[in-house]
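The chains carry the letters A, B, C and D, assigned in the order they are written, with residues numbered from 1 in each.
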Amino acid sequence: MTKTKKSRISPMWKRTVSHIFTKPATTKYPFVKPQLPDDFRGQPVFDIKLCVSCGLCSRDCPAKAIEMVEVEGKRRPQFKLDQCIFCYQCAESCPRNAIKSSVFYELATTDKSSLVIKPQTSVKKGA
Amino acid sequence: MRRQNQTPNSNIDIINVIETKLKDKVQIQLGQLGKAAIVTSNGLHRDVLKAMVEADEKTAIIAITGLDLGANLGVLYHIRTSNAFLTIRAEVPKDNPKIQTVIDIIPGAVFHELEVSDLLGVVFEGNRLPGHFVLSEYWPEGVYPLRKDVKASEIKLNPPPPEEEKQPEYGKIVKIIIGPQHPALLEPEKFAVTVDGETVTKVEPRIGYVHRGIEKAAESRTYLQDVYLIERICGICNTIHACNFVEGVEKILKTEVPPRAKYLRVIALELNRLHSHLLTLGHAGLEIGYETLFQYFWRDREPIMDLIELTSGNRVYASLMTVGGVRRDLKDTDLPKIKTTLEDLRKKLPFYRQIYRDEPSIKARMQKVGVLKREDALKLCVVGPVARGSGVDIDVRKDEPYEAYGEIPFKEIVYTEGDTWARMNVRMNEVEESINIIEYAIDHLPTGPFRVKAPRVVPAGEAVNRVEAPRGELFCYIKSNGTAFPERVKVRTPTYANIPAFLKTAIGENIADVPPNFVSLDPCFSCTDR
Amino acid sequence: MANIITWARVKSPWVLHFNSGACNGCDIEIVALLTPKYDVERFGVKLEPSPRHADVLLVTGCVTQQCAERLKRVYDQMPQPKFVVAIGACACSGGVFAGNYNVVGGVDKVIPVTAYIPGCPPRPEAILDGVVKLLNALSPPKPKKQPKQVKTPELPKEEAKPEVAKPEAVTQQEVKPIVEEAKPNAKQ
Amino acid sequence: MIDFDLILRILIFPGFTFILLLTLFCDWVERKLEARLQNRVGPMVAGPGGILQPLADFIKLLTKEDIEPRDAKKTVFKFAPLIAFTIMVFAICFLPIDGASVLSTTGFNGDLIVILTFSTIASFLLFLSGWASCNPYGTIGSARVLTQFLGYDIPLFMLALTPAFIAGSLSIFVIASSQTIPYILLAPWAFVLFIIAMQAELEKGPFDVPDAESELVGGLETEYTGAKLAFLHLTRDVQIVFGAALVVELFLGGPYGPVFFGLPAFWYSLWFVLKLLAVVIVAEYITTLFARLRIDQVLSANWRIILPAAILSLMLTVAMVTWVYPLV
């Protein structure tokens, strides 16, 4: 205990002191955004022009976050981001690559309804 | 003695033993569900188990699977011996689902039996619990969620009982309740610890707070969706869960995974193990009030998280595994970054090793705490670093190599002390082994396809699969009925097997030793409850 | 004076983490926030062990049947003004586990939620972003008077509940005013 | 006749306001230092460098809802934290800060014993406040506070007597002002032991068992909310300042130091604050270095190591005072 403490000082003391003189490991997040890999799985982006209304994305979604809704007479996927688990199975299932990944991840909101992405709007602005 | 290598008595032919002892009474189906499936009836499963325990000290129950077979309920005992993996089949009629317990033969079976009895209604005579084990205390009597005729939407819970007025007890403490909301546990789970002064006399667990019914939910989703669902059993060791499941499905499909995919899986799994071990080593620091150590470990864990993000697109859920390979190839341009990051981590390891081995306050808090002797470890069927910290050399990566582990050289870390300190040091050394494995895998990465097409509909059949998760041996049983939906998925997670060890070692300890002892199991309740 | 109080609240949000049946993914990301790389102590955020000390409740997980009642109890134990942040797909709506037999699904089915952070799991930055958004909602340009209870701290005596004893079930009336209190802030 | 000067001294400087600000400042120094030692940034946005962070916490807690548990012993629960805080501030008032104590006196012979007793009473009140909350964690936490401070009070008293022996007086003023050579140099063994005992008495790491988060949730603070919690926190912080101040007075020569120009009072308080910060930094550094010990280890460390060492130190001091120091 106290005796052993003195007889064999921990290797921690050097390391801790050295950190006073080095820069902290903290990123400056809200002020400096982190660099994300290109294929980061952020908010899925849906391109309505490529969609063939097959509904495969909705069928394969494990979280049932994609609902096919009627838009201008055609069935289009509607993303519920509050349920989405960002697995990108929909992007993989899509035969026409209409669903793509984005690096947008700051999706926090105080209004839950803003998390439902209607097919018309492809990119949501930050809440 | 550190890193003592014990040669397993691997030449016992366990099937021969069973054949000679119970010749005509049981039916042995070779090659099914592991090395062989032994079909028993009329309580003969106890005799088989007895014969196996007498012949091989390393006999352990890995899991008990309950099956709804229509008129009957099936009970599968999955047994691991020192060199084989076997399954004992038993059946009970649904209207009188009684079977004799095996906890007197193998005490480690206690949790497995209770789970089957709670979820499927099989009555294990001699091992009963008043109230529910996994399910909510308001769960209606006589409804067993894993039976096929029970629909999730139709279940109505009992109303909570009226409030009881509690008499305040001033200054008198009998029970400390750890959890469900408690800083020592990141997850909700309850342990009622009875203390006498500061000494623990009894620990009563109440698990099931994270029970999400994944096994049932898997039956209503396709195999494709199940990969993502099963992956979300646990957020820390997610890759290995997904890998375990897809391997099981591949066994039924008889799909051969391309070699590049095997190596890519190993890289993903070992990155996962790295981050999981670093997390636990840091978390243990938090539990013993060593915040500086916690901060350092988690700081050095971040580069690993970045690597996972780089290779998979998400910091936590890699979602890499899919039936027939991996979903994403590793870009050649990323390889140098992985290597430099791992090299940086390797340079930091000696400092941490020294801390965990020699730091006096760590030794004061961890040595001789939660001692689990080798015999107890065998009896309680513990797995993973807990077993390896008690001198039991089991590691599925060595015993039954899966993916590319058979081709990659690595050391199996075994400590014999059996205390918290030994378990943490097992993890400490495994971090280094993981780095070696990843570097070897990157250097020997084969070229070729990383994925083969796999059909969505799986032919009828069943399979068991075992892998080594960061917390120990992970087991799954998959039964398919020839459609795109599985008939039954059973996952037995390592923490589930390790909790009995905690319940045993905590008795007689100081209350302050409970958190470090507990965290040395690397408990993960989302795994435990599923 | 109101300015100072709002300033103090925005600068010192103490959080309590409640896991209502999560897979650990979100939880470790919350803990990662405390560690050197993200270090939310910069913003005065402290992870508190007891609900009595907390201002913001960070809920993760899909709310299992067992946890629903505890979640309510922990929420009741927190002193006013209090805010709830649902972290991760499970806490927002049940996520991949929605519809399972032991899952209530969605924190807002049990207690009122102020902010939602989707993601599976959200990056620590996203959680930080969510807390910042919540705080921005707290400190409008012209700070309105904060909840009236605050001025008379002795008022909520009858609400007092011991931590060990089981509290009365939260009735709808009890929850309502909190929703109303959180909403106007959120809009500004 | 109203002595405005005295009122000013009590209320502003070096009295209540000064002590309060000093406490909050020390809290900030501790948090910032701990963060930096752990390779973090620490409080940053509240004021320059986060220096207003403790103030923000304090104000916020004051404005929170105040909940009283149904089972709590109401009176004790309500007043114990406040009284503990008052007593601690009162104890600091006896220490010479700007060359004189807050009450503008030079104290009396025996005030060392008085303030040590005050600190014991404050610890006891903290125990009472935890016990009164009638929560298992609070009760265990406060029981640990009690066992710990009862154990460590004895060696702390003994070690505090070491400087008194050297100075030949029980008055803090005499002790502080007679240190032409600081006693840290004359009796370094006593200084080291005193720091350790102080660390244990103040429940700082590695002896912070009473608020071991992993076992006891919030320890004795578990049930406290709002203003009462604010005062509990403040009491803890004032205790730390008090402990550091005591070390300064007994071993580091008190507020006395070179006066370069102008008012000696200004320089004395500056020296006092600087020395105090040095002690706080050392204490916080020790905290970050070690894991928390177990309660039985803490107690056995006391009875088996600290207490015998304190007795030896006392004997050694007596011997030195009698035979060695006269030669120097």
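We adopt the following convention: a contact is a pair of C-beta atoms (placed from the backbone, for glycine too) under 8 Å apart; a residue touches a chain by one contact, two chains touch by 3 or more.
This is a predicted model, so every value here is computed, not measured.
Without subunit C, the other chains remain one piece by contact. Between the chain pairs A-D and B-C, more C-beta pairs are in contact across B-C. Averaged C-alpha coordinates put the centre of subunit A at 48 Å from the centre of subunit D. The distance from the centre of subunit B to the centre of subunit C, with each centre set as the mean of the Cα atoms, comes to 32 Å. A separation of 28 Å divides the Cα centre of subunit A from that of subunit B.
Centroids built from CA atoms put subunit D at 35 Å from subunit C.
For subunit D, the set of residues touching two or more other chains reads 35, 37-41, 70-71, 134, 136, 213, 217, 288-290, 293, 297. For subunit C, residues touching at least two other chains, in rising order: 35-37, 39, 42, 49, 96, 99, 120, 123, 162, 164-165.
For subunit B, residues touching at least two other chains, in rising order: 168, 183, 228-229, 232, 292-293, 295-296, 299, 302, 314, 317, 359-361, 364.
Contacts between chains leave no pair untouched here, as each chain touches all the others.
The residues of subunit C lying in touch with subunit A in their complex are 36-39, 42, 89, 92-96, 98-99, 108, 113-120, 122-123, 125-130, 132-134, 137, 186. Taken together, the subunit D residues at the contact with subunit B in this complex read 34, 37-40, 70-71, 73, 131, 134, 136-137, 139-140, 205-206, 208-209, 212-215, 217, 288-297. Interface of subunit C with subunit D (complex): residues 4-5, 7-9, 11-12, 14, 35-36, 39, 41-44, 46, 48-50, 52-53, 55, 77, 79-81, 146, 149-150, 153-154, 156-157, 159-165.
Every residue of subunit B that touches subunit A in the complex is listed here, in rising order: 221-222, 224-226, 228-229, 232, 292-293, 296, 299, 302, 309-310, 313-314, 317, 319, 327-328, 351, 354-355, 358-361, 364. Partner subunit C is touched in their complex by these residues of subunit A: 24-27, 29-30, 33-34, 62-65, 80-87, 105-112, 115, 127.
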